[in-house]
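Here come two complexes built around chain A, the first alongside chain B, the second alongside chain C.
This part shows the complex of A and B:
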């Protein structure tokens, strides 16, 4: 009756706390950006251009993290940038997950021609270089938040499909599926009630990973100026601007880059932590 | 009156290769029939065909399956599923994969009661509790709240037996239910299946390759070779005087622990050749 695996307390982990903490902080920052920002993120002040962060000698305490070459407050811009990054992460990540996981589940459990069509589609899709594909899509769709989200869903659904398909296939071969069938469950009922719960830990891990990837893709698109309107502060855009003045004002590049790095890392670590939490054997 | 009656059941692979060759057999109400044969003889395939869970690559190409006098294959899929779910059940081979790892035990037992028979959940849970007691599980309430990985293999098999008997089916197909268990647990599980079968007066189709088990549990048996029925007889008659040469050889090949060295003899080649010829002749006749 006792199972030693149940006794191993996976430290619910520094990992989960740190990553969750950073993301929570980010969510709060994004929600309360208008209240927290000391300045208007678009306000330029050429007399206050390239002010260094607070600990440097010439710093102005009004600009905690310094200013960029147009004198815009970095902290305020990063707070507003977090809004876009998180919106994209949540919306694009979730949509990608829904589309990809559904197709993967259909392919892996129903097999037959549905599997054939979906799998070939995945193969063809994966032959495109993703970033170029995204840039192409934005060029066609036009810039804007909706276009970014569509682009991310369109290029990344295959990541879910492949993994969920394989997982659903191996679960579908288990005896408990046959038992459920004998007990009169419909195929759809089995896919939903028997297979899905066992694939869920994988889906959750992938979902958070995907959110991190969505943040990166958005940053890349902003970096090449294909994200949303150019005034709007985005981390990718800030990195692109910072790159031009890296020798005069390193902070313009480093702060958004660091935020980006921490966010992506946190998403993937959160996924790992949650996967353990969702798995009944590891729980 | 036979509860399950299979006639001329033929199952083929998609490429036409026959897996079951016009198999006919009856299981009377309350009777235990053993299904024996070598690996790959099609023992499990018969059970799967009856329960409608043939693997993807196999197809039912002929024959009839009467369950409680009703032609299953003539029913539309949904009605067939419900009929099977209400009247028959499976005790699977491997208890480790036969329970859904992410669901608690309780609902897995009550599923069929609630979904097919339309019971209320509290009633179904009370029934599950009763059944778990019946299969000698010490603390049914705790087990119902457990996940499968928290139970041992033997306990899981007990849970599966309880679950099979939940809807009072009149036919249970046990697909080598003790093969995946420890030898010590095997005996208990066998005894339990026997006990449950007698108490509930269920017809049982018992798939096995262990003739020792056959003599303990069943009243009649069907011997299969390459998906063809070789012999269909009562247990007493079989062990006293098997009719077919292959059955004789199979019986002689059973290891005896009174004579561990002398008894390990395989079925002789000439008998295999003879039975292969018989199957080939049958095929030729079948394809005409």
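This part shows the complex of A and C:
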């Protein structure tokens, strides 16, 4: 038994450490961005435009990762970009989780007409391409951080409600719920004290996954220039700029893309790792 | 009789979903922003302009009345006129739809080929390093969305080794005169294989970006089902008859294991179509999604509305089709 347990735990442990490590680094970078950034992320210097990263021949050591076509320092922009990415990940991810999980819990445990309405809404939501829905919402709400967060919550709550509903339904059929009912607990009390704790591991795993998705949605919105104000440094905005100058300056695309890759991968691996960690069968 | 009733119920829910989708679009576009006219007009429009537009779009009436007028028009295929392109929205959408459909279908084929091959290979070499490698690759493929795969493909196969085109749908230098908007199908039917190759060269990277996450999903589920099948009696029987392992997996296990994967592919196909919105943008591919983003940036409300509704229709139809195919393929459901 012991040996098998060691084998299974080995890989998730490594995954948790690696992904957690990168995310911690990112949080520190975001918090200390003003101190770490060698330049003002908005400062333009057309004489220093499209400088390559430090290991290339024409590099300027003052710009470690090079500059974009307006001569803005890529490293500084990436550090500041991490602030928006993480803010969106944490706030939008948590809010989406709260809304979606609550609705899923209601639908799955209370059933009846509430379930009918919520399930129909999920069906309707599934009829829209999420990216298009998000862009449409931003067009209507206007750009800005609040709009991005609202858009993410509105498009993605179904991800939580679908899974939590199914879990709550199967938990609701368990003996311990029946015995709590016999013991005279209220339905609301059972939902909070019995069902929720058992669904929580799933919710936590989904939450980290959702944070990665939120980062992507924000990057996509900045990529099409519908995120926050256009000057503000965002990874998606940098990627859009890099896409247009890809043949002249590949590094403008590569660095923010790399950061985005690692961040999204870390969030999803953290989610997978946590799921295995919490899962009593695997544990 | 049972099947007819099930069909009718399914059709009814489809209609409810479509009506719901229409209401959401209506609410988002007409009610939330407060004054849609302000969004439709250029800055500096006079009050008379505003009044004229209001009457034109029936905005001087009550909200339920507005919805009725709107839904009747939509049901007749009248989506209004695009503000920026000054053409009927219906024609614009129909003109772009084939490009998106061709891209989605090519992506689906690629996903099935990659995912299916990977699952069969992993089953053939189960419990070896090869299976482990395929699992890891599948895990990474699944963790990252199509947008990131698209960017990675642009860098690697578009710039580092420029093997494929990274923007557009067809090279204008070919000077090929298309009579329809189904470019790939038309080039195939007219036996112009140079054009077919050019089209595929443009489509491959965006299609691959869309296909990678789906291929990973197919791999995981199909591998799981195959693994379960491999313990069944008929596999043991085939083995005693002396068939090769490859033949056992493809001819005996696969047909029995494929049904759950087929259903999943159907559901996931709508996600893939949804991904075309940003992937078309990334690859400057002239499809519906790319037009949608332009419409949003230009605040072309009639066009946005038309595109969103067409996507909703497409998604619900795909889902309906999947359910029906599933019912037709699964004998247990057919006789129930």
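Just so it is clear, the second predicted complex is superposed on the first by the 266 of 283 C-alpha atoms of A that agree within 3 Å, B and C clash if a C-alpha of one lies under 4 Å from a C-alpha of the other, contacts with A are read in each partner's own complex, and residues count from 1 in each chain.
Definition applied: a residue touches a chain if its C-beta (ideal position, glycine included) is under 8 Å from a C-beta of that chain, and two chains touch if they have at least 3 such contacts.
Keep in mind it's a predicted model, so treat the numbers as computed, not measured.
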item: Which superposed partner A:181 touches (first chain B, second chain C, both, neither); value: first
item: Partner chain in contact with A:17 - chain B first, chain C second, else both or neither; value: neither
item: Chain A residues touched - chain C or chain B, whichever exceeds; value: C
item: Touching residues on chain C, where the partner in the complex is chain A; value: 13, 16-18, 20-21, 24, 28-29, 32-33, 139-140, 143-145, 147-148, 151-152, 154-155, 158-159, 166, 270, 273-278, 281-282, 289, 292-293, 296-297, 299, 304, 307-308, 311-312, 315-316, 319
item: Of all residues in chain B, those that touch chain A in their complex; value: 48, 51-53, 56, 78, 81-82, 84-86, 88-90, 92-94, 97-103, 108, 111-112, 115-116, 142, 146-147, 149-152, 155, 160, 163
item: Footprint of chain B on chain A - complex, ascending; value: 1-3, 5-6, 111, 174-176, 178-186, 194, 197-198, 200, 280-281
item: Sites on chain A touched by chain C in the complex; value: 120-121, 123-124, 126-133, 135-141, 212-213, 216, 219-220, 223-226, 239, 243, 246-247, 250, 253-254, 257, 260-261, 264-265, 268-269, 272
